[in-house]
Structures are given as C-alpha cells and as structure tokens.
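Below are two complexes that have chain A in common, paired first with chain B and then with chain C.
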Partner chain A sequence: MPFFKKRKKQPLEISKKTNVVLIIILGIFAFVCLYPIVFLFMISISSENSIVLHGYQFIPSMFSLSAYHYIFKIGSQLLQSYLITITVTVVGTIVSVFITSLYAYAISRDDFKYKKLFVFIALIPMLFNAGLVPCYMVNTQLLGFRNSLLGLIMPLALNSLYIFILRTYFRTTVPKALIEAARIDGAGEFRIFYKIVVPLAMPGIATVALLTAFAYWGDWYNALLYIDIPSLTPIQAMLMQIQNNMQFIVQNASALSGQAATVLKNMPTDTARMAIVILATVPIIFAYPFFQKYFVKGLTIGGVKD
Partner chain B sequence: MAGKNVKKSFRPSKNLLFFAMVLPGLIWFALLCYLPMFGLVLAFKRFHFYRGGFFESLIHSQWVGLQNFYFLFSSHAAYIITRNTLLYNLAFIVLGTICAIAIAIALSELLNKKLAKVYQTLMFLPYFLSIIVVGYVLLSFLSVDKGSINHALMFFGFQPVNWYSNPGYWPYILVITNLWKNIGYTSIFYLAGVLAINKQFYEAADLDGASKWQQIWHITLPHLKPLIIVLVLVGIGQIFRADFGTFYWLPLNSGALFPTTNVIDTYVFRGLMDSGNVGMTAATGLYQSIMGLVLIVTVNKMIKKFDSENAMF
Partner chain C sequence: MKNLIIRHKYFLIIFLLGFSLLSLSGCNNKTYPVGTPQNPYKIIWYQFGTPQKDLPMVQKKANEYLRKKIGAVLDIRMINPGDYNKKLNVIEISGEKFDLCFTAAWTNSYVRNAQRGAFYPLNKLMNKYGQGIKKTVNPYFLNGAKIDGELYAVPTNKEVGLQIRYVFNKKMLDKSGFSLNDFKPLAGVNTLKSIIPYFAYIKKHYPAIIPYGIDKTSSFITNKYTFIMGDSFIPGAVKFGKENYKVINQLDTKTYKEYYSVLHKMYQKGYIQSGAPQLQNMTSLMMTGKTAVEPGQYQPCAENVWANEYDYKVVTLPKFKPVTTNVMVEGAMTAISINAPRPDIDMKFLNLLNTDKYLRNLLQYGIEGMHYKKIGQNRIKFLPAHKSYIMYSFTLGNLFLTYLLPNDTSNKWQQFEKFNASSTPSQILGFHFDPTPVSSEYAAITNVVQQYQAGLFTGQMNYETYLPKFINALKNAGLKDFLAEEQKQLDAWVKKHKTSKAESLRHASKVVNRHNK
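Take a look at the complex of A and B:
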C-alpha cells in the first residue's frame, strides 16, 4: 500500500492504522454527542401523522412545518418566556458581576484589614448550607421571592467559587506596583478599581460573566420553587410545563380564548413541543462555538486558594 | 468628581472603602446563606402552621429534640435515598474519570489536530444543553408509544418496553446520560493535563523502544496522577449532593421509578412540596449538609497531603 508508506511515522506519533481506529472511535462518540439535538430538530419538522404511524424517526416519512406555523400563530407564551429569560439573564449577570468583582477585589488586597474575615464569610457557604427547607422558608416568607423576578435573579446572583476565581485572577494579572503608583497619584480605591483593575482583568471578568449568564439562561430550578404564574415563567421552566400540558403555550393568548379549544385540538402536539424545545435551544447552539473558547479558559483560570 | 481639596479633606479611610466594596456581597450572604441557618431549628421541631404567619409558627412549634432524625432513620426511605445518592455519584466519578482520561489521551494522540478540535467541540456540546432539553432527548428515545427504541424493538419483533415505569433500567439510563452529558467537560481538564507533559519524557522513552501503551502507562498516567487525585477527591467531597435535575426531570418525576431514582435532593424537594412534614424534611437536609461538611473537610485534608497547592482552604 504505497499510500500509507509515503509518509514515515514520526518517532512520537501513533501509527497511521491506530490513527484511523482512533478517528473512528472518537468520531462515533462525537456523533453521538451531536445526534440527539439533530434528532429533536428532525422530530419538530415531521408531520404529526408520520409520528402517529411510525413514532419519532430520524428521517421522518413525511415532513411538515406546521408545528412552527402553529407556534408563531398562537405561541405568545413562548415570547413572554423568552422575554423573562432574557431580562433575568441580562439583569442577573450585571448585578452578579458587579457584586462578585467588588467583593473579590476587596479580598484580593492585602492591605484590607478585615480580609481574612470576609474570605471566611465567603468560604463557609461552600462548605455548609442550611439546605432547601430553611432557604425556601426565608426566601418565600421574608424576602418575597414568590412570583417575583427577585426569585429568579437573587439565588444565582453570587457564587463563592466565582469570588475566589476572580480574586486569584486580580492577584495574578494586576501588578501591585501599578496600584501603588495610582494611589500615590491620588486616585481613590473605587477609581483604582474601575480605571485600572477592571480593564486589566477584563478577560477574567468576562469569563465569570459568561459562566453566570449561562447559569441564568439554563435555570429552571428557581422557577420550579418560586414561580407559578405563566407571565413570569422563564423558558426552561416553560419547557417543563409543556411536557404534560401543551395548553400552557396558549395561556397568555386571552384574545384566543373563544377559539383556543379548536386551535388546541388541531395543534400538532408532539412536533410543536419539540419545535419549542428547538427554539429554546437554538441561541445556545449558535452562541456556543463563540464562547466555548472562553469557557475552557475560565475552567483553567485558577484555584480557590487563599 | 468634586474638587481635589474637598476630596482630600473628606477622604474616608481605606478600610471603610474596602468595606463598602464587600457590602453588597455581605448582605447577600447574610440574607441568602446565614439567615437560613437559623431556620435549621426547624429540624428539631414539630412544625405546625399557626395564625400570624411563618415566624409566629416557628416560635410556637413544639421542640421535639432528635425525634425528626429518629423517624427519618427508622424509615426505609433514609436507606434508599442515601444508597442511591452515593452509588450514582460513585458511578459518575469512577466511570466519568476513566472515560474522560481515555478520551483526553486519544484526542491528544490524533494526528489530525484540526479534527481533534472539531471532536472536542462536539463532545463539549451536551454539557451546554439544559437538563430539561436532555429530558426531551431521552423521551424521544424512550417514549412508550413513539420512542425510537420501542419502534426499533417492535421492528425486530420484540415487545415494546415501558421505560418510564420500570425502575430496573434507570441506573443504566441515568449513568449513561450523565456520562454523555459531562465527559466532554471533564476531559477538558485532563486534556490540559496531558498537553502540559514535557515532550522530552516521550522522546527518551521512544529511544528506549517503549511502545505507545508503555508510554501511556509509565509517563502519561503518572503525570496525570495529581490531577486525577484532586478531581476525584473534589467529586467525593460532593458525593452526598445529587444533581437535582438529573434525578427529578430525566425520569419525568415518575413515581414508579422512585426506588432507583429517588435521591436525597429529590426526597427533600418532594417532602417540602408535597408531604408538608417540614420538620423531617429539614432534618433530612441537615443530615445531608453535615455529611457533606464532614466529607469536604476530610477530603481537603487529603488533598493537602497529596498536593498542597490544590487544597481549597
């Protein structure tokens, strides 16, 4: 086989044959990782009849876009949920990055007299938490999280891990001499923070912002705990609702109330459900190749060391 | 900005400014982490709702000592949820580590570096899908009447299987799904570890005629050992915490599957939402938190022993 002999095996490389075997095995796994999401998409463009006859098929025996047609016609809940998710993600990420970076910066400074105390305060919740029941009671009875955007934003607004990641990042990327110099020039601590520290540590802050935004986008647990009105239901929680209650999608369409029953009866339930899943996932899938790099970087940014 | 003179004469102390910086975070910790800890007294009370709201009820509820814990541990549920939580997490840690290392090494050996990048990107994808979407993926395979697996079974002349009411299958389903979702993520850490190994070790081994397998066994794995130990120990420190979504949503909260899908976190959630036995549910949560605390402290001590650089505190 002259083709294989053309290039000699380099000393540190695996043989061509091993390479082919690895390509195939890893390829199968990579395919398995992609397949399900394509499968959901194929279901969403099947015709309802072919699903009734043959079940979910990767290549449907009949295609149809009626699922998307129906959703765009009556799925006002989808828009509302999108709006909630986007609001929560944007507001939550801004609030969270603000609180986290200020806290992290203060405890990154050795000349903060109470540094140790505040490190400790942030560390304890990583080791011990009160558990769901007391938290739920405080959040609903005292803080008013029930059916409020607060219930979706506040629980994810601070994460001790990110405080420590950013603290390490500030320490390693911002030279102490620079801060000293700015102080001598008469800059106040807040001024130093946003004029010098933030611009220098931008990659680290952006990574934490990304991780936070991702957590907000995918959150459904807090909605499960605190939200039970459709107009405040974020998109992931809406996906949960429609699993056994497809009517959820038309709940907001009060104008339709008369025709709602007929519309629902004709709606291609299975394909419409999958179409909503696809519409809820598409932004992540498309944004994913762009932020994957930063995500990987963020994971290897640094430990939680004091 | 006010004039310089004003600022100078009115300059707050440095520590006060730093305190202002941690203040928002401090309030958050106080309200969402530390205040609920007082609520742990619930675990030692028989909670009843009285008129006048929650706090009135909390004060008036009767102290019962360790009775909630006594009831919890004398029930079969305590055993089931502890067993499930521990065994699932153990399976996730052991299999997840082995698969992630294998994939990391294989990816690093691929001759086509571009293809390796593409593969890595694809393998990382499931990690970004929310557990809700993963639940729909499972449903499209396992649905009794429309699932592609049952249709394949019928095509080959077998009886369709009622997946969502047969607990025996779920340990396999949940372990496979968890691996599928997380391997790409875990392998990132190991791939970074593999790529950081100095090439000279391999060159020397190659000159001595060591095979690729020998090189992996005697160079790659020993070099990964500190990383493996740290990641495994971190996993063990979290072993009493189950991922709620995996065990609640993937089985679609199906009651028939509880024997193999109920874990501490789902038990506490259902206790709070359905049963109304607040005292015992709080006791379960406290039991989980204390076990977790003991494990994390122990594990941190062990990490310090192996590799003091990676200790958490």
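Take a look at the complex of A and C:
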C-alpha cells in the first residue's frame, strides 16, 4: 500500500485528501462488487431451515455444511462437468487465440493484398447477426456439432471484436521497421510472426486470451443448444439446467399431474445451488492473477506512444 | 464497395463456390431404411424430462422388441423440462429431421406448432395405422384436440376433467371433531365458505399451522365459466353451458367478487399466511406439513400421490364437478414432426405405445427384475435401481396400461374412466383463440393482471378499493378491443363448427357410455 508510506512528495503524487476520497469511492465500488459473492457464500453455508424460516440472511441464524455434503454426494456428475468446462476453456482459449491472432496479424499488414476484403468480412458479424436458427442449422446439420465438444468450442472461437483489438495492437506495438529488418535477415512470414510479433504483442494477446477464457468458462448457451447428454454438459450449463428445471416445475406443478413434488424432492436445495455457484465461480478467479501481469502491462504499453 | 467487389472478384468467386459446395454436401438427401427387422428405421424422439442414466439400457431392450414388431428402433433424446420449450422451438424452426416430440398446451405449444405447420396431420394416418389409438384413447381427447377438424398429435390417455379439490390434512381433521360431511361439496365459493369454521378452529388450536395455504399463483377456477385463453386470469370467458357464446370479463363478475371478499376476510383473520402473495411455490410449503387445508388439482387416486409426497394422509373435498377444457385435453400429447421421413412407421409405433402393455411398461418403469419387481398380476414394486430410470408417466402414451404401484387401489384405471365420463365438456372445447391481431393489448393486459393477480387472489387486497382500479387499468390496456376480438373469433368458430362439433361430441359421449356399460 504505497498510499500510507512516508516519503518525499513527488511532483505527480496525488494529494492526501484526494487519496482519501479516491479510496472511499473505490472502496464502495469494490464492496458493491464483492458483496453479492460474499452473500452467496453465506447462503451456501446457512442451514436450509433458517432459509425457510427467515429467508436469505447475510449472517445466517444457523450454519450448516449440508449443501457441500450434498454436492459431494452427487460428486461424479459435478466432477465430469468440471472436467468438460476445464477442457473446453483450455482448448478453446488456445484455438481461439491461435485463429484470432493469425487473422488479426494478416489484416494488420498493409502489404497484404486482400486486407480490405478480410476487414470487411470480419466487420459483418459485428454489425449484423444471423440469429439463432441459421446458426443452429449450420452447426448441427452442416458441421455436425451436436453432442460433441466442438459444439462448445467452435461457436466461440472467433470474435470479430478481438480481431480488431489485436489488429490495432499489432499495428501500434510492432514497428514496421522491425518486420522489414527481420525480412532482410531472411526470416519467413511465420518466423516473423512467432519470433518477433507474438513476443512483442504478448500483453495484447494475453488480454484477449483472458477475455476468451472467461467467455468459455461462463458459457452455457451453446451447451443448451448442442448438448443433450449429461456427460458432456459443462458446469455452467448444469447449473442453468437445475435452475430452469426448478422454475419450470414450480410454475407448471399442476400440469405435471402430481409428479412435481417427487421431482422437486430430488432437486438440490437453495443452499446447494448456491454452493454449486461458488464452486463454479471460484476456479476462474485463479486464472486472473496468472494473466494480470500482462493485463496491466498491456494497458500501459498500449496507452503510451512515442 | 463496388470497387472492392470488382477488385476481388476471383477471390469472391472461389469463396462463394466453396460455400455452395459445402452447403450442397449438407443437403444431400439420404435414403432412409425401409423399416425391416434387418434394416430398421430409426425413430428420433425428443422426450420431455431429465436425462436418465439407464435409458440406453432400456432403449436397447425396447429396440429388440420393436425391431421384430415394426422394423424400427428408437433414439430417445431426453431434454430437461426447463429447456424443453426453448430447444424444441429452435429444432422445429430449423427444419431438423426428427420423428416424434412431446407437446402440450403448457410446453412446446401444441396449438401454435400445429397452426404453423410443424406437426404432421394425423387424421388419415391414424385411420390407416392407428386403429388401436382410436379404440383406447378417450374420444373426448381425440375430438377435443382437433384443430379445424384435423388432429396433430396423439393425446395421452389420462384424466380429462379439470377439478379443484380442497386437500385436508387427515390427522388434523380427525382430531378436530369436524368431518368432511360438515362442509358443502361441489358448491364453488360456498364450499370454501363452508370450511371457514374449521379454519377458525385450526387458527385457535394450532397457532403454528397455516389454516389455508395458497401461493402467489393461486387462481379461482370454477365450472361456472370456461376461459377463452385457458388461463383464468386473462379476461375473456363464456358462461359454462350449452349455446352460451357471449364473451365477458370474468374478473368483474358477481362470482369473482364474492370470492375476492371471502378471501380478503380470511386473509384479515389470518387464515391465509401473510406471505402468500410472495410465495412462489406451494409444493415446498406443503412438504413442510404446516398447512391444514390447501387447494389442489385433482385426478382419481390423487390422495395416494399426495400422501406419498407430503408424508401425511389427506382427504379431499371437491369444489365443483369436473369440466373438460382445451388445457386438459391438450395436457400431454405426442406429435409427429412434419419433417419426419417415415410418418407411417412413427404412427405404427405410437399405436403400439398406446396399446402394447409390455412396451408401455418397459418404457415407463424400465426392465423387470432390475428396475422393478412384480408383486402381483398387475402390480409392481420399485427396486433400488429405479432411481436411475424415472420417467414422467404422461409423456409415454396411454396411462391406463401402466402397472399399479403398491399403494394404488386395484380399480385405479376404472376410477379414471369413471371420472372422465363424469366430466362435462366445455361448449367451446376445441376453440383456439389466436391473440396475434390484438397482441399489444394482450401484452398490456397480461402486465396489468400480473400487478393485481397476487394481491386479489390471495386476499391481501381489499377488492372494494382495488377491483375498480384493476378494471380501470384493464380498460386502459385495451380490454374492450381484446374482448371484441375474442368474441369475433369465437363467433366465426361457432358458425363453422357448431354442427360438426356437436355431432362429434354427441357421438363421443355415446361411445363413452357404451364403454362404461
């Protein structure tokens, strides 16, 4: 915490008063962000009875770890879903960064002949969206992604926005002269890309990788569309299914002719669902520090231009 | 832009060619197996329910049987209840090839899909391959579910009548000295009124118990009116009875006002829990055993089902005589997709599902000796493996063929038939209102209803002050045009179908009567 250290005042240093105000504002903001997660955790360790009696409480009147016990009981499905999510996130991020950076690098070079055309093509999906049904038709009938991990990876693999972020990044951080120099030294296009452009643009690529990893980790919609079998369901989709089923059964209890209660009985309780949310969110938090050094660097380097 | 295209024309040509090749390869028409035991036809069946672990095993067993019998095998794809509607919608719009799917008034809407041509029309097909269905399924289902004279899905044979009953905790009732005979059955609002002394008794002697438990979706269904939209909260109803086709706003009638006032009095006295307007889910409340009486939608032998679920014995008091409405008739059905390559084989399968006891029970309860054990001629007991194969009974065709469970009375299905025969069909059975011409009014009205519904129908709001506000808000939302459109469509329907409908129903009731003799 550099704010409280006593040292000589530097010309650009923020004054003490401003610091206090900033800390308060940022503190409130951080609290607002953290509060729901802490609340979630508190619900997950409160006992089911206290929820029925008093509703959700920040400090529950009765604590219990039964939710986590329940989760370990249904463990195998949870573990399987975890495995799928992690596989999809890791493989997907690698694939996605690979394709995106290649595409972005090509259109960042002025001497690429079809540059304008490919910029144009990448621009189209940013402005228009074909919608759900054509996507579904292409992905299931043409590409055969139903019930396959590809259905979870490929739809998110290329994002136009990231292409443009990376293109701009390549243009601003990799000097043309450097590429020319490498060319004169006898490097081919791929060697230039891997040996010179990628290391220089690492902060930008890491940022895109982080965003992509988050997108893969949090994705449940593709699973809803393309996955029917439990052994391929990622954890977010599993959560979503539990949630949707609960809601649906509650709303249509009469239509289910008395079978609703039987089903509800076998469903995770409120606390168990919160516990699953905790388990689904926590791991991705650990991905953040890993990328953070690039993230901060990326923002500073990208911002300064000489 | 033009410049761009001209400059890159060669590239574009290659690009487009490549794409068209790709898409061509996607639509090459496969030839489908003819459907012989050696070369069976695969029936893709989208089924409503959570995926079950032992399904592949059961499916394999069913396939052995079906392969010999009709030259087909099943490919059942279970879809979670919460996602079913959304997913099927995408599948149907995308024109994907599949054979069968579950449909109902409340999910994967039967009427909407039939009207937009997603389902295969069944009349001819059924005459040819579905004679068994015609014999076993109650004609009220088969005729009531017709849209403009054509059937688009095979209804599940189950209870056809809608009846609300008051469900009493038997232990409390016995202890109190009251008995069901003290209350007035089949009298609508008056039935509820007649229970009030009992509520007072419970309130006095069991302070921790909720005398009358309801939740925010609690509605007032009665056999006095039949609802145009099938939803008792949406304005538009006709008085139940022959030749009555005048559309009114039921929410503003004498019957409803009486109901609001009775509820409000009960709420004030504390007979209804104060959290009722916020309570999402009645079932969780009932499972705690903290209510003395609650309303429930009845089916024959439901007492056993409820007793099992809530872990206490119950007795029931009917609020009105059962009525047959669209919602009940379209409660659970199986449709053949318009894109099904071989609808004839699908129909043969559906015919078996509704007539073949072995197949029906195999799909319902799993494999004998593994998921269940026979303990009588027609009675079974679940084995521990039952947990990995639990199916919704109403998604799998004719309920009356299924084995009885240990607690069921032996004449369970006879009771169903009796109940169905006693149910009076609504005079607008088979009329389906299409809200598209008044869709903005419909949305506005739904919004207004949502604001007042929970308050009025749990007794929290005093109807004398809030009902005029409610009605006023409805009027501002376009109630007049909405009711007029309902009337218009109903009149057109009556004109077109009066004769044929009346005849078919008369015929149906004859068949039912013969059946019961």
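Assume the second predicted complex is superposed on the first by the 224 of 306 C-alpha atoms of A that agree within 3 Å, B and C clash if a C-alpha of one lies under 4 Å from a C-alpha of the other, contacts with A are read in each partner's own complex, and residues count from 1 in each chain.
By definition in this document, a residue touches a chain if its C-beta (ideal position, glycine included) is under 8 Å from a C-beta of that chain, and two chains touch if they have at least 3 such contacts.
Remember, predicted model here, so these are calculated numbers, not experimental data.
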| item | value |
| --- | --- |
| Partner chain(s) touched by A:248 [first = chain B, second = chain C, both, neither] | second |
| Which of chain B and chain C A:199 touches, first, second, both or neither | neither |
| Chain B versus chain C as contact partner of A:229, first or second or both or neither | second |
| Touched partner set for A:136, first chain B, second chain C, both or neither | both |
| Contacts of A:175 with chain B and chain C, given as first, second, both or neither | neither |
| Dominant contact partner of chain A by residue count, chain C or chain B | B |
| First (chain B), second (chain C), both or neither touched by A:14 | first |
| Shared chain A surface residues [contacts with chain B and with chain C] | 114, 132-133, 136-137, 141-142, 243 |
| Residue ranges of chain A touching chain C (in the complex, touch as defined) | 52, 114, 116-117, 120, 132-133, 136-137, 140-142, 224-225, 228-230, 241, 243-265 |
| Residue numbers on chain C that touch chain A, as the complex places them | 4, 8, 11, 22-23, 25-27, 50-51, 77-84, 86-87, 90-91, 93-96, 104-107, 158-159, 217, 280-284, 286-288, 297, 299, 302, 305-306, 308-310, 331, 390, 392-394 |
| Chain A contact footprint on chain B (complex, rising order) | 4, 7, 11, 14-15, 17-19, 21-22, 24-26, 28-29, 31-40, 42, 53-55, 103, 106-107, 109-112, 115, 118-119, 121-126, 128-133, 135-137, 139-141, 143, 145-148, 150-151, 180, 184, 188-189, 192, 199, 202-203, 206, 212, 244-245, 249, 252, 265, 268-269, 271-272, 278, 281-282, 284-286, 288-290, 292-293, 296-297, 309-313 |
| Interfacial residue positions of chain A with respect to chain B in the complex | 11-14, 16, 18-19, 22-23, 25-27, 29-34, 36-37, 39-40, 43, 51, 54-58, 98-100, 102-103, 105-107, 109, 111-114, 118, 121-139, 141-143, 154-155, 157-158, 163, 186, 188-190, 193, 214, 218, 220-221, 236, 239-240, 243, 270, 273-274, 277, 280-281, 284-285, 288-289, 292, 295-296, 299-300, 303-306 |
